[in-house]
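Read through the structures below before going on.
Below are two complexes that have chain A in common, paired first with chain B and then with chain C.
Showing the complex of A and B:
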């Protein structure tokens, strides 16, 4: 083996160990619930807990609506900016980065001031209204990832010429976005969608302060009161996230090929 | 020209303080193949984009088939367009690309499928309907783009430098194919190019554009042989330009670097002492006095380039350079640099250039 290859493999091995050893340790700890032997008891307890099913189900539904909202906002915005207003792209990029520097708690306090029970828009006065605010809050938190994913996808196609080619063939904006732009950035949208899903599943601050029965607060609650179950939950969360990433990879194989992205 | 089908009337286009097309007027007959020829930035693509509807004229109007389309959106104009960058939809197969305009127009599936087959036959790619654009060569992609533009039976076909991205061999074959398809369908076509050979070889008429204006519109023969401005003369083909002083305008007598030359025309309104520019195509000049070539100027041979069948000779007359090509005659030695020579030409081949 050449010296260069040896160091490359060594670096890779060290990096992999840095990620995998804590996971293995967590897994090992989660399996020690039954004394003296390894078992999946902690996983069984977690999966059997009705609150796990409720909170996970709630967060999955919230993630679905968050993704939908994100796609509806980000795809036309990123498309329009690339097509007609490229000069304001730096401004939009800055705005989409704000959720990374402004803590989620600020959003919640903003909500309470703007949409409290005594305000003209009392969204927080009802469970559905609060759910809507939660989804909007999640969409904001996921904005940096969704926008970048879609914008990168749009960069791989000649948005302007394709739009003009469709227009001259008689297509309106709806047809252009649905039949042309969206299918060509589908992989990028899916990447953004799964990142959004991962964020929503683990999000604690907004859900907790708005007092919604989401998976994040449940994770925190279990972590504070149990020993083995939090480790099992951590492993489950990792599996869900990796599952999402695998789905992205699989869908990428079935995506339509383009001149910019051949085999 | 047959009846006017496309009429561009006094069109001007400005982007902020910059005017890119000014006072552009042109009538195009039904079935005519017109080329907009000019250097980069001359406004030819902007003019084409105004016909397509992607840009709105600042002044003037555009009429297609008797209908004013100046303010219509591109998707309401029923115009076909082929782009330089192919612009095939990467997520659709060749057949789906060609069917796109038909589906948008609401054509039933069976009818649309038949039309797609006809189009694939027209571009000689009947077996490639299921391929994706990335599986095709550049030439094939551009033929599919042509079929896609023609499928909805547009009223006008616009070609925006469709051959620029292709290699030389494909470019020649595809331009001939485009011309033959255009003739077969009889569709009125505007072709934008900066390549004079392309424009000369396939156009019914050429509009030479310079700095936002149409400098000259005419058949390829007229454009090449009777350029109306110095720009057209310089841009189309190779040209030798000689500066001359008028000695007698009425008699057509001029002084070229101290040599008197008699032109066969009246130079009015120029007057004695005025400077004029005379132009000669290289193929109109020969070395030595011969036949009907009664015009003659003494020159000095500056460079000789042996190119096999042809010998390219550059000569100096005062400060001016005159290039000419002579056929290689194995029995004659090539001219020698620095030796005197006589340049012969027919006075009628001398063009007086307007500025």
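Showing the complex of A and C:
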């Protein structure tokens, strides 16, 4: 047992070293900007760069709309499947997992070929349309995570009884979804939302191929042209990802643990 | 009135026969937005590329595009992509498994496990361009580790032929999100190993080694293989890290496709479709195996 514990600590220690050293190294590199001494100059340069503010702002707005679109698509669907059409659930689950199978670069390649300015749906004909297509693409990339989160949330409430109770009280579908289902799965939706945010904020492939001024292409551009700023940006991105994941962990603590009627 | 409650199954079932017959088509309206969305923005674009891979520019059927994938540059790109994805998947899975076993079974304090799981959640999502920056700052020519090795240990990493912009460098970088992903996925499977199995084996006189060889490894094997395949697909489709790390100097498939989309570097749009089809084919096959292993492993985890 003693030997087992030793090996466990050794494995954990080596693993921890592999994961922590690059973070320390990145931080150290970012602070090397001023010659001969450590400073936060690189961070100051990054935060002062108007393109940083613009692209980061753009990605935050894109993430917001992605979450909105994802919720609008996923919540009613997952609810309806649980309520009325459990038999087609495997089909829906299969579709929601497809974005993990089809690489993002392939999906966006399809968009570029299908939605050009001469097509029946000319998304790429205008800047606004391309923004919309970017958000749609992100919603597709986030679909597996969003659907899983919402479906797990719905599992903890008794959808059928709640719906019937609401209908007896005279509620329409809009009221049921907005005032009954959504508040009940809010925590699940929020954890899906933060995961979506973490995925979208530094996304490179889709934004770059659609030529949108997002944070991901900006990161790549800085990486190709600067020395110390990329390290500072990596630290910032890591902190943002860390923040999103911590919020998800905290939300999980508030989520209802037991189901009324587990199925 | 109060005797009829709608939530009572029998009463509810007594009403619908006629009602359900009327409702049948409207029922699909509830999922129509989802299907419309998925077809327009997921299935149709993919189908468009797959069909395009089998067509000439005039729209006639052909297998030429697929045959052209065999030309040396494209073949080399597929080969290096497969090598990097395979190496990072297998190594990542083995290390991830070792870490998961250590935190679940190693008798370490409780905080070690929760810290590892939280960190794995973060690190498995810390991919893309920033990850490349982090590794350049660590193992690049001026990276911290490179410098420490050189100045303190007198060991010049780059004289050994190592380069962060190469196969081994890319694999090492991909491990940063592959290992945590493995830890996140495999830990529940290790939790599923019941204590009773170990006790039963011990009662029957099995040694620790026999218990591992005849109980633990066979039970974990399908989950392990399944996750390796998932990691493979995960690495195979990734482009941002490699692109930020190496520019276009390392010729992996997603980077080749990226260049083709941007500027038709292969001078044949339909060859681009064929490359995309090849990628879908490989990740698709990988996932078929994944689902197969997954259903086999779930038998033990109930």
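Note that the second predicted complex is superposed on the first by the 226 of 263 C-alpha atoms of A that agree within 3 Å, B and C clash if a C-alpha of one lies under 4 Å from a C-alpha of the other, contacts with A are read in each partner's own complex, and residues count from 1 in each chain.
Methods note: a residue touches a chain if its C-beta (ideal position, glycine included) is under 8 Å from a C-beta of that chain, and two chains touch if they have at least 3 such contacts.
Given the structure is predicted, the values throughout are model-derived calculations rather than measurements.
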Which partner, chain B or chain C, touches more chain A residues = C
Ask   = Regarding the shared-chain residue A:171, is it in contact with chain B (first), chain C (second), both, or neither?
value = first
Inquiry  = A:161 in the overlay: touching chain B, chain C, both, or neither? Say first, second, both or neither.
reply    = both
Request  = With the two complexes superposed on chain A, say which partner A:184 touches: chain B (first), chain C (second), both, or neither.
outcome  = first
Query = So which positions on chain A get touched by both chain B and chain C?
reply = 161, 164-165, 168
Inquiry  = For a test of understanding, state which residues of chain A touch chain C in their complex under the given definition.
reply    = 1, 4-5, 7-9, 11-12, 15, 18-19, 21-26, 28-30, 73-74, 76-77, 80-81, 84-85, 88, 92, 95, 98-114, 121, 136-137, 139-140, 143, 160-161, 164-165, 168, 195, 198-199, 202-205, 209, 216, 219-220, 223-224, 230-231, 233-234, 237-238, 241-242, 244-246, 248-249
Request  = Note which residues of chain C are touching chain A in the complex, please.
outcome  = 6-7, 12, 27, 30-31, 33-34, 37-38, 40-46, 48-49, 52, 95, 98-99, 101-103, 105-108, 112, 116, 118-119, 121-123, 125-126, 128-138, 142-145, 175-176, 179-180, 233, 236-237, 239-240, 243-244, 247, 254, 257-258, 261-262, 272, 276, 279-280, 283-284, 287
Task = Name, in rising order, each residue of chain B that touches chain A in their complex.
result = 52-54, 73-81, 83, 85-92, 100-101, 104-105, 132-134, 141, 145, 148-149, 152
Residues on chain A engaged by chain B in the complex (per definition of touch) = 157-158, 161-162, 164-172, 175, 179-180, 183-184, 256-262
